[in-house]
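Each of the two complexes below includes chain A, the first together with chain B, the second together with chain C.
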Partner chain A sequence: MSAGTRPPGADLPEHPDHLWREPDPKRSYDVVIVGGGGHGLATAHYLARAHGITNVAVLERGWLAGGNMARNTTIIRSNYLWDESAAVYEFALKLWEGLEAELDYPLLFSQRGVLNLAHSLQDVRDSVRRVEANRLGGIDAEWLDADGVREVCPIVDISPAARYPVLGGTYQPRAGIAKHDHVAWALARSADAAGVDLIQGCEVTGIDVRGGRVTGVRTTRGSIAAGRVALCAAGHTSVLAAMAGFELPLQSHPLQALVSELLEPVHPTVVMSNAVHVYVSQAHKGELVMGAGIDAYTAYTQRGAFHVVERQMAAALELFPVFARAHVLRTWGGIVDVTPDASPIVGRSPVAGLYLNCGWGTGGFKATPGAGAILAHTVAHDEPHPLARPFSLDRFTTGALVDEHGAAAVAH
Partner chain B sequence: MLLIPCPWCGPRDEAEFTYGGQAHVPYPRDPAALTDEEWARYLFFRDNPKGPHAERWCHTISCRRWFNVVRDTATNEVLAAYRIGEAGPVIS
Partner chain C sequence: MRSSDVLTADVAVVGAGPAGLAAAGEAAAAGLDVVVVDAGARPGGQYWRHGPGAEGPAPGTHGRGTFSTLRAGLGRHGVRLVCGHQVWQAGRHDDGFVLRLRPVHDFPHDDAVERVSARRLIVCTGGYDRQLPVPGWDLPGVMAAGGAQALLKEYGTVPGQRVVVAGTGPFLVAVAAGLAEAGARVVAVCEANAPVRGWLRRPLAALGEPAKAVEAVRYAAALARHRVPYRTRTAVTRVHGDDSVRAVDLTALDHDGRPREATRTTVPADLVALGWGFTPSLDLLLTLGAATRLDGDGSLVVRVDDGQRTTVPGLYAAGETTGIAGATQAVREGLLSGLAVTADLGRAGRTGDGVDAGPSRSRRAARLRSGVRRGRRFAEALHAACPVPAGWTAWLAGDTVVCRCEEVPFAAVCHAVRELGAEDPRTVKMLARPGMGMCQGRVCGFATALITRHLTGHPSTAEALSAFGKRPLAAPVTLAELAASDDRTAPRTAPWS
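Our next item is the complex of A and B:
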């Protein structure tokens, strides 16, 4: 190379501006949010934007949105059975519909619809019941017979000879997917711009409680005083609750998912099947994204067993014979916090000033903006948001459960 | 996949077993006497530690017997396996 020749790459554009600062933690904040995933970042965003509370830190033990936010299958829908859940998920879906404009960031939010397949007479009854419940609640929902399923998604095998024949399915046209990383980055940028400190590599090791009231947190980067603390730690919430001296009805399980290599567009919607058990969409880039049921045992390992993935692949091939030649590109696991009724816990905790946002289990991504908005309201007013009221911790004592095992759609 | 040491059959693949949740949760002696809080605890609250966890497994496709395992939920290391009725190990 002669002198004066520019080396390859020298003319590439500069590194883009960072979307958020890397502040050191201050000694004290009005609000500390534990967990820098989707829910924690959304809570910070809405605390700042909807309630004017900006002296806020989000503490993340790893890197922003590197937990379940990076490990889910990005499905967004609101077709839950009970009014309480349909209301909170529909609230979230409406926020999704305005989120790209609100955050001024492309989220690749794609309302390509979701099909929930029915394979038995009981499935059909349950599905039609859920469709009718959704419509009464003002949520878009349709019952499709097998031909209707094929019209929406031609690659689903609807032949009567299938081991578990497709008898039909529910369809929510407004459901869809979004690009999880973009969602996290956009929320982080918004919170940061409002003055929120996003602090990565900062693990909470203790929660200080005095006279029944939270006063701060201890972390791997020192003690931080806090007027209020909100837990957004998903699978690790039980560990944090133990630091504050109480227990929660949560079980933390690995939940696995996988993607195929990049393929031409073949799959126009999102398909879920409880009975055969797999849920599949195709990402914008071209990977088929598929989710499994939870691994049976509790664990914090962020990995699961291979036979669970194998079962999920068998289910996918049963529904989509065309996938037989696709190759798995990678598999992974996240840790989901599952409640006894498959509904979240949002609201006050037994410790004053300490707020819960947990138990979203296998379905937290779709709730991201909704969970953030109702938790921010709850923290700001020290009063549960009206949509959060049915999801209080004391429902396990009163017996007013919100049983969503059917609509949660992931076996557990 | 876990390698689970069945106390009757020896070490076998996890796929041969069924998980049964937390071990050593006795049915209340007098359920009708419990308060709502106590009943809620019995029904809905189970240990969820990041660390050693005593749990039940059933060797479904072999001896079909239930037994107890202590497993570290942070690493999946199996620390002990013992028969129903035997005392669990002391895990420090």
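Our next item is the complex of A and C:
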């Protein structure tokens, strides 16, 4: 275009078609969702689309999807050990497979497979056991030996002399990654179009409870009455529970990730290693996205200790020597909420009308549509969704834990 | 890691420009153990940049004597100077700060320093040229004005024959004078604003910066001697060329700073040097959590008290990081920070050689503080006289690249705001990717913020710009370097709070 022909942007529509409105909060709603991350938005979407409940507000203290939704490394898979968890994650994975069509929005959901490496005989035994369990549950899981690993991902160093020798790995072909921001926008657009108010810059500072029942929330933008309140605040859920007068068995930990400059496509799949505490994928534009393990420090800072990243990159390079010269452009961190058994808490709380969705820890992105659908059902019927039943808060008193440390603790 | 790879000190200074040299000298003179780190091969920073083999900036350079004095002071007081090392990360630990370094240039690896650990940290990282996109600005032959000057100062290279210098501010005159003296034909200096004729001399003197006035007169004389036309209210609105610059469009600007098409002329040129002021380098300061404010020129700068202390305990800032105000001001601020760090660490200061005991120190501090206030007023006046013209986005075309790393055109930024509803630069970045590439927004960040402001009608706040400008890695490091810096014996940095 030469200077002085048409003014810049002249081809753009006169009346912009924004993805969502910016409404002011109303005095009262049937349902208030606290937290505008992926889970909060998905819950709003399913409340409206599956249950016809649209007098709903999502209250977000910062930007929509500016929390862990914006910070995670987007690994999606369902090969968890126990039937209860595998069922939830597989339910979510099936929803992912139809989500682009459901939301009519490109989510760049790419089923490029996920490899979990095994480095010791114990790893191998655990992995094979998990593959068998997954297969019985109808989940596409495979055990690969070292050569099989190299076939799927030729740049992994499988030499026996390596510091972390690769003895094999589990592989889930239907697993993969998606583009987190597109997911958030698409869910937000759908909820907004159904009439849900998405309210940014609105922090919940108190929860009103009368006679054991929730009646509303107090926020930085005034009090809002609500028949039901769903907490989707990830790492900050304990703080909200304290406002309602009960405690949750959650610890908050920083989890870190980093991204490199753009590279030619070299890394065809997603590789995770629990022993080494890293996972690596190559995102759509060509940048490497690498995650580090969890920080041992309990903290609310959105940054972690740097030595954790250094330690894990040292290990990652042992697996991927070809990446030595790739430049790291940025590191960041998020707060994840971890339960004693590394499984989520979804369902009713000690306060009537107040629902919990938390403890997804290092692996809640993959659950986004599933968690939203299950929580929406639970809120709509005041009755836990069948898939949520094993994940009730009272399992920590009954002892019916769902221990997923092996499949979930560090990895995603 | 060998122990020599890790230096410990009372005070670490990042940057060996006017501010850093002054800060280090002052603190060391009081008996503190000081380490200075600079990415450049030699000390001097932007202002006193000089070539290999030279003792200091060229004869005739303003403040050359100051440089020599400061430089000599470092040696006398045992300051350890680590040149050729970039600080790529800064963190806090229980009793101070840890800097992580990487060698740049072809630095002999035997001497490489990997970490500096110090109780106090003074950040004097200066700034860099601010750029605004214009159609054709990605052609070879278009340079930052400061880049053209740096080539000249450091290597004596004149990177073109027929030069147009454009943008705003007195710095353009300095660059043009340097290029003209070195033999280039400067066909025009285009100042987007309309300072009164002879503006450089009068306000400078009136504002009590006589040294600046002398410097300005010298540049003005050089331009007159080489018959360099100085055009006010004029901008380069397009750069023509195929493989490299062939010509530029010069267009007069109306009162809103929009190009008046009828006045457009095309002049042949092979070098275009553009400068729209400077952007302070805040990477380390933002990572450490220092509070910021917006300065008169729209830059995000760090907030300091009258001893150059930031809001983070133990962390000081001096020079351009606290606001763009020139080398003289940078020296004053550096000295003040040195005095403050000395007082805060409980040193009496210069009692050893009896030169500067308590009372005279506080007199000196008072004098410097009033100098800093004067410098600030001067800078404010300059910022007010040289704003970015409000209507500048009118010279952008839909396909003009805004972010060069990610190749994001102007139209994509418009789309993010107008169609997708982005309201602030951070959301624009998430929707359209400007600032997500190799330079992490160091080049396009300012322009993206201005374009967002233009399209939405609301200016960015300091908070929004801080969030946008936060870069935990002050420089890209390779994974190998990251991995190599894993050291199980080194002191652990606690999580940031």
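Here is the rule we use: the second predicted complex is superposed on the first by the 393 of 412 C-alpha atoms of A that agree within 3 Å, B and C clash if a C-alpha of one lies under 4 Å from a C-alpha of the other, contacts with A are read in each partner's own complex, and residues count from 1 in each chain.
One rule holds for everything that comes next: contacts are C-beta pairs under 8 Å (C-beta built on N, C-alpha and C of every residue); 3 or more make two chains touch, one makes a residue touch a chain.
Here the structure is a predicted model, which is why all the values come from computation and not from measurement.
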Note to self: For A:His236, using the defined touch cut-off, is the partner it touches chain B, chain C, both, or neither? Pick first, second, both or neither.
What the structure shows: first
Margin query: Quick one: is A:Ser252 in contact with chain B, with chain C, with both, or with neither? Answer first, second, both or neither.
Written below: first
Next item on the list: Name the contact category of A:Leu107: first (chain B only), second (chain C only), both, or neither.
Entry: neither
Note to self: Looking at A:Phe306, would you say it contacts chain B, chain C, both, or neither? Reply first, second, both or neither.
What the structure shows: both
Item checked: Contacts of A:Ala86 with chain B and chain C, given as first, second, both or neither -> neither
Check: When the two structures are overlaid on chain A, which partner does A:Pro340 contact: first (chain B), second (chain C), both, or neither?
Finding: first
Next item on the list: With the two complexes superposed on chain A, say which partner A:Glu261 touches: chain B (first), chain C (second), both, or neither.
Entry: second
Margin query: Let me test your reading of the model: by the given contact rule, A:Thr397 touches which partner, first (chain B), second (chain C), both or neither?
Written below: first
Notebook entry, point to check: With the two structures laid over each other on chain A, which partner does A:Cys358 touch: chain B (first), chain C (second), both, or neither?
Noted result: neither
Check: Looking at chain A, does chain B or chain C touch a larger number of its residues?
Finding: C
Check: chain A residues touched by both chain B and chain C?
Finding: 297, 299, 301, 305-307
Margin query: If we count contacts the way the header does, which residues on chain A are in touch with chain C in the complex?
Written below: 1-4, 7-9, 11-13, 16-20, 63, 70, 181, 185, 254, 260-262, 295, 297, 299, 301, 303-307, 309-311, 313-317, 323-332
Checklist line | Residue numbers on chain B that touch chain A, as the complex places them | finding: 1-2, 13-15, 18-19, 21, 36-37, 40, 43-46, 48-50, 53, 55, 71, 73-76
Item checked: Contact set on chain A toward chain B in their complex -> 236, 238-239, 242, 247-252, 296-301, 305-307, 340, 396-399
Notebook entry, point to check: For chain C, which residues count as touching chain A in their complex?
Noted result: 89, 91, 100, 135, 237-238, 249, 259, 261, 264, 393-400, 410-411, 414-415, 418-421, 426-427, 430-431, 437-438, 440, 471-473, 476-480, 482-487, 490, 492-497
